[in-house]
Amino acid sequence: MQPFRFLKEAGRAVFQDRYVKRASDMLREWDGKDGGSIGIIGVPLSKSSISHSGAVFAPGVIRKMLSSYSTYSIEEDIDLLDSVITDYGDIVMHPTDIVESQKRIAETMEQLVVVHPDALLIVLGGDHSISFPAVSGFKKRWKKIGVIQFDAHHDLRNLEDGGPTNGTPFRNLIESDVLKGSHLIQIGIRDFMNSKTYTEYGKEHGISIYTMKDVRNRDIKEIIKESVQQLEKEVDAIYVSVDMDVLDQAYAPGCPAIGPGGMESASLLDAVALLGEYDIVKAMDIVEIDPTIDFRDMTSRTAAWVIMQFLKGKKKAGWI
Amino acid sequence: MQPFRFLKEAGRAVFQDRYVKRASDMLREWDGKDGGSIGIIGVPLSKSSISHSGAVFAPGVIRKMLSSYSTYSIEEDIDLLDSVITDYGDIVMHPTDIVESQKRIAETMEQLVVVHPDALLIVLGGDHSISFPAVSGFKKRWKKIGVIQFDAHHDLRNLEDGGPTNGTPFRNLIESDVLKGSHLIQIGIRDFMNSKTYTEYGKEHGISIYTMKDVRNRDIKEIIKESVQQLEKEVDAIYVSVDMDVLDQAYAPGCPAIGPGGMESASLLDAVALLGEYDIVKAMDIVEIDPTIDFRDMTSRTAAWVIMQFLKGKKKAGWI
Amino acid sequence: MQPFRFLKEAGRAVFQDRYVKRASDMLREWDGKDGGSIGIIGVPLSKSSISHSGAVFAPGVIRKMLSSYSTYSIEEDIDLLDSVITDYGDIVMHPTDIVESQKRIAETMEQLVVVHPDALLIVLGGDHSISFPAVSGFKKRWKKIGVIQFDAHHDLRNLEDGGPTNGTPFRNLIESDVLKGSHLIQIGIRDFMNSKTYTEYGKEHGISIYTMKDVRNRDIKEIIKESVQQLEKEVDAIYVSVDMDVLDQAYAPGCPAIGPGGMESASLLDAVALLGEYDIVKAMDIVEIDPTIDFRDMTSRTAAWVIMQFLKGKKKAGWI
Amino acid sequence: MQPFRFLKEAGRAVFQDRYVKRASDMLREWDGKDGGSIGIIGVPLSKSSISHSGAVFAPGVIRKMLSSYSTYSIEEDIDLLDSVITDYGDIVMHPTDIVESQKRIAETMEQLVVVHPDALLIVLGGDHSISFPAVSGFKKRWKKIGVIQFDAHHDLRNLEDGGPTNGTPFRNLIESDVLKGSHLIQIGIRDFMNSKTYTEYGKEHGISIYTMKDVRNRDIKEIIKESVQQLEKEVDAIYVSVDMDVLDQAYAPGCPAIGPGGMESASLLDAVALLGEYDIVKAMDIVEIDPTIDFRDMTSRTAAWVIMQFLKGKKKAGWI
Amino acid sequence: MQPFRFLKEAGRAVFQDRYVKRASDMLREWDGKDGGSIGIIGVPLSKSSISHSGAVFAPGVIRKMLSSYSTYSIEEDIDLLDSVITDYGDIVMHPTDIVESQKRIAETMEQLVVVHPDALLIVLGGDHSISFPAVSGFKKRWKKIGVIQFDAHHDLRNLEDGGPTNGTPFRNLIESDVLKGSHLIQIGIRDFMNSKTYTEYGKEHGISIYTMKDVRNRDIKEIIKESVQQLEKEVDAIYVSVDMDVLDQAYAPGCPAIGPGGMESASLLDAVALLGEYDIVKAMDIVEIDPTIDFRDMTSRTAAWVIMQFLKGKKKAGWI
Amino acid sequence: MQPFRFLKEAGRAVFQDRYVKRASDMLREWDGKDGGSIGIIGVPLSKSSISHSGAVFAPGVIRKMLSSYSTYSIEEDIDLLDSVITDYGDIVMHPTDIVESQKRIAETMEQLVVVHPDALLIVLGGDHSISFPAVSGFKKRWKKIGVIQFDAHHDLRNLEDGGPTNGTPFRNLIESDVLKGSHLIQIGIRDFMNSKTYTEYGKEHGISIYTMKDVRNRDIKEIIKESVQQLEKEVDAIYVSVDMDVLDQAYAPGCPAIGPGGMESASLLDAVALLGEYDIVKAMDIVEIDPTIDFRDMTSRTAAWVIMQFLKGKKKAGWI
């Protein structure tokens, strides 16, 4: 008899069905060299939020939620089992210097896209402030980039009143000349969650805005197709930024800024799967989940599905 | 250097974006004289509930939730920023005499509509029992009134078994000759939440009843148009009573009597915005939210949107 | 004056409206003899779950939730008031012998269907492992049976890796020759919640699988009609197994294995009401509700509605 | 083989150790005639509370907590197994007439002490307002009564400002001439929880007041002995009123009015056991537990122990 | 009849007993001029915490908890009713610049002590990082100051690894020459909550350290007397810093860094009351309460008592 | 500049103070060979509990809580920094065969003590049922063993009624001749938590029983000394079994069977540190923590301290 045959490393002694692989099994800790075709990176920053936010914990929880799901899509008969996601780990944040933390994000993103220029990147926030440095770093790899942002909010606040908060990333990208307003598409913008000033700023800068009324009245897939067609004429790569508060509070109870009138999760999942099918879509971030106020990690569970849908689209189209 | 330049009144030291106004900024504490065109009043009564209810806390929480939202509807390009809502405050309830509390509601409502006959009134319950005195007081201003009630329940219980509870307000209005049954329209009545006796009572008294089957199978806006057209032939003013439990438990987890099979919040929000467009609609109450059992004040957040949608409709139609 | 006129048995001193009957008033404790036309039985077993589960508490909570609802369907004008549900009580589980507990379920179900061959049976789990012994016992009454399973998962795991868990009941039924694969219909199977191996097992054994894509794209009533038509050609009785996790996490937050992408509760309620209309549908179980992690017993409330819808269908079709 | 050998009445299918009796097994539902030597009665009233309170649920929860404990005191080698507690059930409260509810308490208590003059009575509140009618009814059996009150608060508020709330019972008893101030002993009165006006009222009326400073500096048993010796010279029977908020918030987290600086539960348990040993102590109430805000029913668990300690004292002294 | 006689400003319609004043009634909003003899100021900063902390909310919650208590100490027969506490409000923090926020604290504290040199100051954190700027500002008023710190931790971490976090305030004060190590007394330092390096740093710098072993084995009042006697020989003013995590987790469940082995709240309350009696004690802060993770605001309730005890001591000794 | 200088392995990007070591840093994952002088092993079994228990999660949570504490005891000036604890990981439990799970525990413990005969072993339950196989395995190393059990309960239930549950481990050890009754010492046994039958069983078998009355009236250290002195005359090794429910519910809110009247955590911590000082004490288990119902992992935090106290005692006495 084999000795100690029932011992497993702490935390690993859970039930294992020999025929079941978990989505989290796709993750491979980065060895410092090989990047593979898909990478994931955690950005545990939420001190930059205007309101109190525990989004710092989201990278860990989203990864953990991947272990609740399998790699197989029965709807499309696609199995992601053999796909490998390089897990680059998390970026260390500075305890008392938020701007330094954001610089670390930009530096790390830049290094990643330079070293692994062909990798598809999935960035786990953190609050939405991280999209400014993340996109800035990502830009180093491409001449022109576009962004498709799912969000209830414009995130175009002025930078004077509070610095680079989670209300400002797209303003910051535009004013830093990283992103042209006309290369930004916002989907899911909601009533009573934005001030007219910033809507006007968006229009003046040529941002394409699809409000929730558009989402309710049209097929989300049509909006996505229209958006990609518009961008692919002008940019080299598209970065998708998914602020989970684009969803209705019934579907994403764990975002700091919840409310009624938002998207159903089915629409977002459809949209992301379709985005995955386009080769030009090269990166995605998922932000604004505060696990400390969520119910049973519902919002992180949906974030894990957003990742899976994105990869399902990539696999379906043959990009991975 | 200005001394004490960073001090703000306790509780006010929160982030302020110079270009953002909150919906709560529309509120002006009543100065005892001027009523303005829109008024809001809190009715913190829930000891009248059949089951244990903390709806007493809803007026405070709904007001607070207004501060989470802006005044701007991007969907309609309507900004309520310049609208002023006179906040009359709350009515003091008696700790041990529930009927006395209800008399105070009626007296206060009567005085309000007499002193400010042109004001649009928004009443924040409390449980549904408050609609009996609130509508009774409101009636003093008009010859004939109609009521459109959103509710999973008829609220037509007999008054002998428990007095004027939250199960009885519309029975009480009918039997007190404040409201004719044929001037009452109930929308969203649900299976397994009413007894046949009271449905029959409703039919005998000419109440128009739209069940959830009607809501699922028809366009809610058609139901609203039909309802207003029916009432405007016969009454001078319409009072809208919104029992938040008309919503499905997924959308209104904080009502005492939750269950499946209810309305989605998008339908209610559409309905209320449309009601706001009719000049004949003069008042609205929002009841049956118990913040002590809600999840992240979701139900109060939706109540705040109900107010905003109502005013958006009023603004759109030019009434405010 | 009658003495002690205000005393009621402990726990019964709640408000009683003389015209209102509760759904729970249909329940009659079994007298050990008469079974009546409808029976209900609790199976408090969840130690058999792969993951930690408190589904052991669901039978009690679902019964309690019946007391929150009435017997009257206003949508169909059907009152179940005079229907009697014999409550057989709960099956005593063994504290440390799970297989023994499952044997007790099989033995009890077999005795019930033998002694009361015409009774409609409603089984309250517990986790899904109980469907193996419950269907096995139920089978004793019929030559050939079919099963319609609502579930996000196949529950066709191999039995070697963990024995008769909640991941295995339908595999176990097929391999025990209780049920032919071609007599099993699975509705609501979801992406990322199953491994390809088990989908293939299902297909090889002739199981009919409707994924969530089917549910989203088709009318659920058509799926039900198609399913019953297929089965009624080949079997004598249909057992319906409702794993509540077929619902989206927004609608069934209290299931152990929650996630996005699931069914809305309205669809499930419609489906079950329609199933009730078929005479061949003779039994139903409701499983996988863990009240210890639910929000305000929402999932048990929906389970109570599933029972009511089932009986509404039966009553509508004249079977009870 | 016995058929249906594993079926038990719903809710009863729990583990039973043949050698273990639960404290709840002492309860016998009242048959309408025989009262026995110990009675228990529930008073589910908390609408009378100044602040929102769910103490209405405490009678049910305290009874349930008795099932978590056994009848055996190993410390004293006393087994209460053979003691029978007649459970008179709960008094039905009026949904909208609080004063009527209090009259029902008084009427019921009076009838109980008249019909069962020798029974020891344990009254489960509810909020502290119930002690006014409960003691008033109890008084009918005796010429002169004394009260020993455990409480952080005097409960001597004026009756004009809010009627018979939970802040007034002892004021009400004194002003109704049911109780002389000098026959009232208050133990555990705390800093910052009372106004000086009422302390002075207490002193003027001859109430004996032991503050928490007394409790901290002296042996609680000495205080009890001193109290009983003082009262037994002057009264025929002592009623003990246990407001659980006499305990520190660490020990009674489920009282509406919690705070630091209170008694440890060991002191209260010692005090009550000793009180039980005196024949002159004839009744006890336990009030001010709100199970809806408690943590794991800790406060009701302690209430169940208060009952057991009281009976342990009675048994030790041979009175039961 | 007076019109609108039952209307009160929103949120004020609560029960009022004419003879009861609340501790919060002592607070007077600052008029920008008069400082009075006692001042309170909120410092909503917790982004500086090493671990995620919601201490930003504590100033608001502690103020609110004052409304749960009265002004009267029955133990000492001292009523603080006539004392006035000038509420200077809260200091506005910068959303993304933590060091700037700390500068604002220092500037504001300095201005306060300069403008109101005789006022007793109570500072409500926030995390413990605020004590560095708060004491620095306070120092401007005095030649030499001493600090008595209640804490489980030394808070003497190096400043290189994370900047001015909540682990560093006393290190920072010493290294900035604001405070001499020998003028710092730490009480309640606990096992397994500090590294030996920092204990040694403390000893090398002459800090007086009383561990929990000292607290358990000695009378806390003796420790306080000894501490003040030591300091009053050398300094002009003593600042008391109360990190609520000095308490055991059973008594202060809402601190970020909880654990067993801590002080009972009675000891802390005794200590603070005694400190209040010394004229040389001129200021106090209360830090490290995170209301978002507390149970029923227990820790903030105790903080409110800390304030009351401090003022009780001051009143007893005749300083206010 | 070093590339990727801010990247850390997922979950590791937390603040690190260069001078602080965490207690969890003592843990070294077992390499399959070297056992070292101290070992820890997780036993995630709680399906064996009489009542629903999530103690299966305790090994993971207790380990995690070790990371909240440092290695340094300031009270004793002992630093455990250089001590290494070999973490053997967790024993894999069988999903549906509880007795098999218990056999795996016994087998693994036996192999551990045979292979590493000199190691001090710390076993993390799980429920108390694990002590039967754990002690049985441990026994293989010694001729005669003694057990000191901290518990509110005897755990001497008969084995017929439910098999080897968490109510039976010490009965099972006695009846299996692994342990003599006279070699078992129970400390903390409480009123109303045991039946007289089992107390008598304990006395008949010579078990030494210290009730909570003994604990309250005596110095816990005297009880420990007395206990060890009694055992060391008769046995070769002592196994300490710490059922955390020996603590009062205020100190251990996360045990399944909570109640008042228990030990304060300071007493338990003192007792365990003293036990650690005896060379004859060779192993310890910690059981009955259900993290799913705890408050902020308080009970697991105390368990982590129990481990640290035990090792502090060992270090103090020079055994490690």
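Going by the order they are written in, the chains are A, B, C, D, E and F; count residues from 1 in each one.
Note that in this section contacts are C-beta pairs under 8 Å (C-beta built on N, C-alpha and C of every residue); 3 or more make two chains touch, one makes a residue touch a chain.
Predicted, not measured: the structure shown is a model, and the values here were computed from it.
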Chains touching both subunit A and subunit C, listed by label: B, F
Listed pair (A-E, C-F or D-E) duplicating the E-F contact set, over half by residue number: D-E
Angular offset of subunit A relative to subunit E [C-alpha, multiple of 5 degrees]: 180
Farthest-lying chain, centroid of Cα atoms versus that of subunit D: A
Remotest chain, subunit C as reference, centres from CA atoms: E
Mean-CA-position distance for subunit E and subunit C (Å): 57
Subunit B and subunit D: spacing of chain centres that average the CA atoms, whole Å: 41
Chain centre separation in whole Å, for subunit F relative to subunit A (CA means): 43
Two or more partner chains touched - positions in subunit E: 15, 50, 95, 162, 165, 250, 295
Pairwise chain contacts, counting only pairs that touch as defined: A-B, A-C, A-E, A-F, B-C, B-D, B-E, C-D, C-F, D-E, D-F, E-F
Subunit E contact footprint on subunit D (complex, rising order): 50-51, 157-158, 161-162, 165, 167, 189-199, 209, 211-213, 216, 248-250, 253, 257-261, 293, 295
Interface residues, subunit A side, partner subunit C - complex: 15-21, 23, 68-77, 79, 81, 250-251, 265-266, 269, 295-296, 298, 301-302, 305, 308, 312
Residues on subunit C engaged by subunit D in the complex (per definition of touch): 3-4, 6-13, 15, 29-30, 32, 41-42, 44, 59-60, 63, 87-93, 95, 104, 107-108, 111-112, 115
Residue ranges of subunit E touching subunit A (in the complex, touch as defined): 47-50, 52, 54, 56-57, 94-99, 129, 162-165, 292
